[in-house]
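Below, subunit A partners subunit B and then partners subunit C, in two separate complexes.
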Partner chain A sequence: MKNIMKQKQSLIVMGILALVLLGVYFLPLTVFAKHILVLTLFYAFMGTGWNLMCGYAGRLSLGHAAFVAVGAYTSLLLFSHFGLTPWIGMIAGGLVAVVVMLLIAYPSFRFGLIGPYFTLASIAVAEIVHYLLIYGRDLTGGSLGMSLPYVKGTTVINSIINLQFDSKEPYYLVILVFWLAAIFITWKMERTRYYLEAIREDEDAAAALGISVNKNLIIAACISAFMVAVGGTFYVQYFRYIDPYSIAGFTLSLNMALVAVIGGSGTLFGPTIGAFLLIPLTEVLRMSLGAQIPGLHLFLYGILLVVCIIFLPKGIASLPGIIRAKRAQKSTEDGPENQASKGVL
Partner chain B sequence: MDMILQIIISGLLLGGIYALVSVGLNLIFGVIKIVNLAHGDFLMMAMYATFFLFTVKGIDPYVATLIVFPAFILVGVVIFRLIIKPLLGKAETEVNTIIATAGLGFVLQNLALMLWKSDFRAIETSLTGKSYEFAGIMLSAGRTWAFVVCIAVALILYYVLMRTKVGSHIRAVSQDTEAATLMGINVNRIYTLTFAFGIALVGLAGVILTPTFYVYPTVGLYFNTMAFIIVVLGGLGSFTGALIGGLIIGLIESFAGVMASAELAQVFSLLIFLVILFVRPQGIMGKSARV
Partner chain C sequence: MAEKILAVENIVKRFGGLTATNDVSFDVNKGEILGIIGPNGAGKSTVFNLITGFYPIDSGSITYKNQRIDGLTPDKICHLGITRTFQVAKPFPGLTIADNILVACLPKAARVADARARVQEVLKIVSLDKKANTLGADLTTLERKRLELGKALATNPEILLLDEVMTGLKPKEMDDMMDLIRELKKTMTIVIVEHVMRVIMNISDRIIVLDHGQKIAEGLPREIAENPAVIEAYLGRGTKKDA
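Presenting the complex of A and B:
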């Protein structure tokens, strides 16, 4: 009963958040503010995708950029060679990412790779994709990267089909829909989430209870890979340029993990909270400090991360729980004293 | 024939350097069971320290060891107390130490960028560009000495771990923390010691590397991946393993670099790494069961 209540609550929160974010669309903001909003929602979406596999199942992947890169390059290559609309391209890219994920996830889970071993394997996978993209320079342009061929949208429908717009607003709407879909899928998987949580806490016990451990993990991993690959296509369409370093590099992998971990991994809104805290902060720091002293903004960002992890090891989403626990502790401490004073009276 | 011998020797020398870089990581990973993602960035800091000691004070890199090694022990103690210790024994220790050290890596890289810009720097010592010729095979002087230092470090470390009291304490803690505590070993002290020496060893590696490698703020990233591959390949906590792992990767790179391309050499090393992770996560020389 309580779970149903809680699930309904998340649905209401989701609805309110979506409406607020839709309302933001109509605000007269500067281009920079709009860019930050698009980027924040992008990372909220990516973090939610990452979270589905890594947060709920307790496997820290620092190689998810591999799937972003696969999605981005697939849709971009299909678009620039065959003129295929990125909408189909992103599904194709997602499917390729799922295949890549299966190649890695199956042996990883089959051989019981956990803890730091899984993290190292995931980093290796992203590095392999990175080097292969550089190696295949005839197709991918190597380290120089690839640009998205610009197509002037003559009509609205034309722009939508090509997923290329001249202003930021349409991108905002697109990524808002993506984010909402990701949250909805995660919410739908809440039932499976309990399986995933059981697996995370004790794999053997979960298996003993009849939960098909590997099947659940692999399904979560594939959906996760598909989502971030779709995010890769969005990245190409929005930035119009990709290179192996930025899209298959360690920084992107780390950022996806960070928004989720700082926000609270394994929670529905954790990655979104994390993205709304970290991304605007980095962008504002970059704008105000990046030009004068290069590196200062990332230096401060790194310090913030370390401090966050030390003081909130379970993420910001755990903050209400901690405060509640403190309060409960306080009231139990107060309790006997109050009673004692009453006794005196 | 000479060509193949040359490739093998170059590969072994490169492997020696890689092994030296990985030893500290192996020690920390094997004993405290945490992944230090900032490992390569400590290497970078040591390289800068050596660079400036040489250019500003004129101190030879091999003498700089005497300054950098103790300084990095101190750095290790401070970092352990500040960042690692608060995370140990709490929820999500594994994940959080990885994230925290990644954040630390960010801090160090950008500190270097702020202070010294992204220029590539190199020093010219008496060894730079020199090589020894031995039976028709060329040996790069800097790398040969790095190899010698690597072997010396491996031997000293082996002696300390196997033959001294502190060494037996470290081994006890790495095998079973609780049992070690019950035997009256101060686990916290051993952790601090291990972390400090792990950092000091990568500092040493940085000093030895400086005469033959460029120094720039993200040089650590390159060595980081390599160090992790070697540590897993050789086996956690096994120093012979780290040495063998380093030599294998050195040989692979050397051969693949000549036969194919540099990128494929990396891909090949990484694929071997993945296969080892899947089928033998304890590494080639590791004894411990699956964690």
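Presenting the complex of A and C:
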């Protein structure tokens, strides 16, 4: 019974959040605030994609930037060489990312690469992609990176097709739709989510109950790679410039993981909560403190992470459950039986 | 004549130099309770791991309803109708009991809602309905054993393989578990590995005895209890020959 409620509640929360975020669109905000909002939703989207494989299935990847980079470079190259619309480019990029993921995921899952070993392998893969991008100078521009050829949007349709806008607002709407789609897809995969959780908790027990471990892991990994690759295309269109360090580097991989883990990995809204806490905080801290005492914003950011990990190891999304448990405990502790037992102790 | 549902023929399993299962053959008849006993390290659990595909067999064959199942993966074997429990119960610690059972119902359910509808029913069978929202990590030994059985039942097996479900239980709890197993026998075939002699002699229709990976005896519980080879395996050869 409780579960049916959970699934329906999630849908309602999803709807309310989407409406609120759409409402934000109409607020008269500064350009900086709008930029933070776009960035926040971007990380909420990326974290949600990351979460499917790394949160639900517990295969912690710190190399997801590899797939972001594959998506970003694929759509950018297709656009600058063939003028192909990024909308098709992002599908192509997503598919290439899926192929790359299959090459890595299949052997990893087949031969039971789990825990820290899987995480190390994922970092290695991202580094390989990073260096391939640097060495493929003729195609990728090497470490100098690549710029997105600017196309002046003469009509609205034209701007949409090229996914290039002169203001922040349209980008906000685009990433809002992406985020909503990612949440919806994750929500829709209810059965797979249960399977992944079971696999995360105990692979053998899951297999004994008729769950195909490898099949479900690979499905999750591929959808996860596809999502973050689409995010890569968005990154290109928004920043109009990418280089191997920013798009395939460890920082991006880490940020995706952080928003999910701090918010609550393996929960539907965890990555979104994490993004809405961490991203505005980083940006505001950097803007207000970065110039006066260099590094102070990172110091404060680090303290916050440590506090979160110590007090909320399962993420902010676990907070309501903890409060409920505390209350339940308190009410039983106040009962006469417990007072008696306390006396004995 | 009893209908043969599972045929294990000449299966061999080696781990390096150790032959864990050496040329073991036996049949399982539909609707019976087959007991498997033997001293520690006799290869009882290995036989379960071989039947359910957790280990590949080195030679021999396993046939279920006229279909070879050796070489299939554990999840496929479960789909065909053979489910096992683990000697050390494996609850999903981070999930609630209800979700543990739900996960077990899901693979054979057409829709998630169908699986959900069965959860309460399974919880009642194993008397865990009042614990539905407890996490798998927070269970007592008895509850873990019950959950392990509940998860296996949730998959609707035709053959249920029980690996030491009595271990760690008190005598009264064992009696309850035996009643439950007898009840289950009405709808499914059961193969049970057990150390507790009182239990195995009581509920088995037939018993096979393994020692050092080989089958040393097969028969009715009464015959097994009097079989010299079995007594020897359990108690040793006696001082004369050792000297």
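FYI, the second predicted complex is superposed on the first by the 335 of 345 C-alpha atoms of A that agree within 3 Å, B and C clash if a C-alpha of one lies under 4 Å from a C-alpha of the other, contacts with A are read in each partner's own complex, and residues count from 1 in each chain.
Assume a residue touches a chain if its C-beta (ideal position, glycine included) is under 8 Å from a C-beta of that chain, and two chains touch if they have at least 3 such contacts.
Bear in mind the structure is a predicted one, so any value in this text is a computation, not a measurement.
Colleague: Could you tell me if A:A121 is touching subunit B, subunit C, both of them or neither one (first, second, both, neither)?
Modeller: first
Colleague: Who does A:I134 touch here: subunit B (first), subunit C (second), both, or neither?
Modeller: first
Colleague: By residue count, is subunit A touched more by subunit B or by subunit C?
Modeller: Counting residues of subunit A touched by each partner, the higher count goes to B.
Colleague: In the overlay, answer first, second, both or neither for which of subunit B and subunit C A:A257 touches.
Modeller: first
Colleague: A:F32 contacts which: subunit B (first), subunit C (second), both, neither?
Modeller: Neither partner.
Colleague: When the two structures are overlaid on chain A, which partner does A:V306 contact: first (subunit B), second (subunit C), both, or neither?
Modeller: First partner only.
Colleague: In the superposed view, which residues of subunit A touch subunit B and also subunit C?
Modeller: In subunit A, nothing is touched by subunit B and also by subunit C.
Colleague: Using the touch rule from the top, collect the residues of subunit C that touch subunit A in their complex.
Modeller: My answer: residues 52, 54, 73-76, 78-79, 83-84, 86, 90-95, 98-99, 102-104, 106-108, 112-113, 116, 133, 136, 151-152, 154-155.
Colleague: Could you please specify the touching residues of subunit A with respect to subunit B in the complex?
Modeller: 58, 60, 62, 107-108, 111-117, 119-121, 123-125, 127-128, 131-132, 134-135, 250, 254, 257-258, 261, 265, 293-296, 298-299, 301-306, 309-310, 313-314
Colleague: Please output the residues of subunit A touching subunit C within their complex, sorted ascending.
Modeller: Per the touch definition, subunit A meets subunit C at residues 2-4, 190-191, 194-195, 197-198, 200-202, 204-213.
Colleague: What residues on subunit B touch subunit A, complex-wise?
Modeller: Its residues touching subunit A are 29, 33-35, 83, 86-87, 90-92, 94-96, 98-100, 102-107, 109-114, 117-118, 217, 221, 225, 228-229, 232, 261, 263-264, 266-267, 270-271, 273-274, 277-279, 281, 290-291.
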